[in-house]
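Here the chain labels run A, B and C in written order, and each chain numbers its own residues starting at 1.
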Amino acid sequence: MHATLFYLFAALALMSGLLVAFNPFSRNPVTRAMFLVLAMIALSGLFVLLHAYFLAAIQVLVYAGAVMVLFLFVIMLMDLRESERRRVGAFAAVLGLAAVSGLGALLFGALRQAPAGTEAAVGSTRDLGRLLFTQHLFPFEIVSVLLLVAMVGVIMLSQREAE
Amino acid sequence: MDGHLMLNALLPDLVVVAGLFLCLGADYILLRGRDVAERHRLISRIASWTLICGLLAGLLGSRDPQLLQLQIGDGQLVITPVRLLFKLTAFLLALVVVELIPTRPATSGHVSEQYALLLLSALGVGFLATSHHLLVSFVALELLSLCLYALTALDMGRRAGAEAALKYFAIGGLSSAFLLVGISYLYGVTGQLNLGKVSAYIHTLQHLPPLLGVAFLFLLVGVGFKLAIVPFHLWAPDVYQNAPTAVAAWIATGSKLGSTVLLLGLMLPGFDAPNAYSPVSRLLSSGLAVLALISMLVGNLGAMRQGNLKRLLAYGGVASAGYLLVGMVAFSDASRVAVLFYVLTYALASMGAFAVVALVSDQLGRDAEIDDFRGCWKSMPGIAALFLIFVLSLASIPPLSGFIGKFGLFFAALQPPPVPEEGFGGWSWLVAVALIMSVVGLYYYLKVLRAFLVTGEPALPPVRVGTNAWVVLVMLAVLVVALGLWPEPLLEWLR
Amino acid sequence: MIDWINNAIAGLSAQEQFALFGLLKILVAVFAIVLPLVAYSVVAERRISAWIQDRVGPNRVGIPFTNVRVWGLGQPLADGVKVLLKEDFTPAHVRTAYFWLAPMVAMVPALLTLAVIPFGSVLGAQPMVMADLNVGILYTFGITSLSVYGIVLAGYASNSKYPLLGGIRASAQMISYEIAMGLSVIPVFLLVGDLNLGQVIAYQAGGAWLVFKQPLAFAIFLIAAFAETNRLPFDMAESESELVGGYHTEYSSMKFALFFLGEYAAMVAVSAMMVVLFFGGWTLPVAGLNQPATSLGVGVLQIAVFLAKVIVLMAVFIWVRWMLPRFRYDQLMQLGWKRLVPLALANIVATAAVLFWQSTKS
């Protein structure tokens, strides 16, 4: 049961991830965004299988529910049309293909030799919070500064002129 | 975690955070509706005093022996003399950039945001320099990078600026993804986030698992993007050319300092102490050698063809990343010292060169073509003399610090391998190529100097350079010369 | 008969029992409780609005094929037959796949949310909650955050001006108020110390309802709930006086009905959440109803208490809709970001400070 669900969610995540990058049926940006949503939801399913419920919920809440809605918002607001079928030069295509397949083969080979991980992670909200506010307090605080950067940057870039 | 000690150690950063809120607050509350030039005047004053206070706080901290060997939170915050030096150098360079930000109202109505982002990115470099922990390093690198993306697009009126920013952002995002994947694999294999413990764990392994190789490959790609190593350098020329020059200067120096520290932390087991042989070198040294080779080739040959000064400096930066890797391939203690010394001196000289470009061409609204600087010698002899020093240091002409730096790198690469049977080290062929490429580098840097010093009538009217700008320029030049004539104290400090 | 059922159940393994009762709970909760509740809330909406506006409202439809009128309670049947028999028209200019997808996406999240709501204590040995998650509230927020896709996709799929505007407004509005909503419940969990909704109820059973301890949190949650369900005074996505019908302008027949029902199902879901979070869930501080049921009758009574509370809150939703005019879009955003979010943050800090003070005192 557990394994079946894992393969189901993993396949779903991979398939929708692929369909985000190159979808042979549609070049519509909204379709891509929706497949990304699907990939996020599948990932959240994988988190559930690892008993990391908090991360699973946050995955849906933040990525599927907020970030991707903003993506859609921007796509709709800017009225992005279906992207033109771009010509990729033969050189670039060969090089890209070689890089991707090389990387894929490398990963595949390496992961096949890697030892299996432990099955269940401990991901209770309490433990996570405690870890975040004690052991990893410093990076956590840096992230808050990072959010400040995002805020200041957006103000600077989005408002053309102050007055 | 000792809170009091941590606060003491973070005092420079806290000063900078306070200062940046002061910048934003003053701009939003006090200076609402004032003239842009006036706002620039006050806010840049606040920003530079903030950085000076941060520097002083850091220097005060360096007198406390307890602070100089601090390890907090599993390597999340490590302060040693070398790391403190890098952090304070970053603040110093940011101080120079503050003076370079153009105060013309034409570019943007956003004043305090520019300074705030600059201060924030200086924080990022500082955190990178004082971290020996993958998580903190990643977050700090993101802090730095996000600021740089936004700053690149500062000049929203220019399409090219926005395009460069977008390119930088997309490629930077990709590189962050690579880094993150690499970090998670590394964590998966070793179960550690502290870089010291990671390499200690690797030492205990009989044979290296292939996943470790993949992890380091991803990490190398990620850092390679940030350092503009070929083939991950494609963003650099466009970004350097189209970003505001002050920002380009900061990308070329601050970002480079931070990324180099991260690269060294990843590649060498001990960042701060003399260290012996690193086991990952078996995996990586030939790969690094190839990257070094193509970076030097592409950087130097690319720079020869450039007519734009900022593009030329960008390709020069790519080439310098190649030289850096030449020093790295030996994975010895000598290479650690050499890389650190080189990146410091490169940052100083590069900042100086960009500063001259910023002061001269930006004030006149030019695009910094080399021809624009024709005959600068006649109209602005002082500036031209300083520029001569910086460019000669970049071209590594003997008495200047650039030469010592490059010499150290090549010397490190030539040293016999620490573990002879492993068969690496002694990269004489690589050093030979590097020497040839240095001659090529000499050619294009001299081409720039010829425009400045020799050719015909001045193309530009003289530019008024403020006192502060003079002070920072002279300071940089003095540092570049002094480190060339008298490198021993710094080298000793780095060891 | 009862014995036979008991024996049959005892013969099953724990997993099979879980599956059986889980399925049973889902079927009963959705088809016997939620969908009728949704259907009758539509009638209630029309009757209450009529009453507020001094009209009569739909009072004719009674039991089919007879002359018995039970105060118009047969109305949902007539409505259902009407939407099913109307022509399901798909305009030529729409993006077909999304046009079909959107109504489904609009309906599903509201029903999914109900999975973690404890709607009663126990019946026999079965806890009256479909999935007793230890991150229950986060789950509900996660699912609620997906409900915006229905509206956004409808706006996009319709491929015409007004629905697009409605969809864009909805996405901005719902994300903004989700933040206020999420922040508003944090004090609740600071007090309770757990994210499990059952624990929230247990906490309230031992003391005062949280609406009295955290009135500000409840006020923010309630306001955000109006925005999240796209109800007046925040129905910017529909806004029939500016946007014709907003996101569902191009929809007709059963697809339109799904949006319509989805809105009411979301109301049921958010009311149920408020009952659990702020009104003590299935508990009532009289006659021993605060404790988990020991007999079947008390168990049913507690479910009834829960439903009664939900219905009262639904009535509030309907009442507010007919009392307040619509906000302007900028006013809506101002209220969300400049009032509710800072207030919610202040509430968190204040609650944490009080808790800290109490912990140092003892």
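Throughout what follows, a residue touches a chain if its C-beta (ideal position, glycine included) is under 8 Å from a C-beta of that chain, and two chains touch if they have at least 3 such contacts.
Because the structure is predicted, anything quoted here is derived from the model rather than measured.
Novice: Taking contacts as defined above, which has more of them, A-C or A-B?
Specialist: Counting C-beta pairs in contact, A-B comes out ahead.
Novice: In terms of Cα-based centroids, which chain occupies the most central position?
Specialist: So the chain sitting closest to the middle is A.
Novice: Measuring centre to centre with CA averages, how many angstrom lie between chain B and chain C?
Specialist: 54
Novice: Using mean CA coordinates as chain centres, what's the gap between chain A and chain B in Å?
Specialist: About 30 Å separates the centre of chain A from that of chain B.
Novice: Where does chain C touch two or more other chains at once, residue-wise?
Specialist: Residues of chain C touching two or more partner chains: there are none.
Novice: For chain A, which residues are in contact with chain C within the complex?
Specialist: Checking each residue of chain A against chain C gives 28, 30, 34, 37, 44, 53-54, 56-61, 64-66, 69-70, 72-73, 76-77, 124-125.
Novice: Contact residues on chain B for chain A in the complex?
Specialist: Touch list, chain B to chain A: 1, 6, 17, 24, 33, 72-74, 76-77, 108-110, 113-114, 116-117, 120, 123, 127, 133, 135-136, 139-140, 142-143, 146-147, 149-150, 153-154, 156, 188-189, 209-211, 213-214, 217.
Novice: Of all residues in chain C, which touch chain A in the complex?
Specialist: Checking each residue of chain C against chain A gives 95, 98, 133-135, 138-139, 141-146, 148-149, 152-153, 155-156, 164, 167-168, 171-172, 174-175, 178, 195.
Novice: Taking the touch rule as given, give the residues of chain A at its contact with chain B in the complex, in rising order.
Specialist: Residues 106-107, 109-111, 113-114, 117, 134-139, 142-143, 145-146, 148-150, 152-153, 155-157, 159-163.
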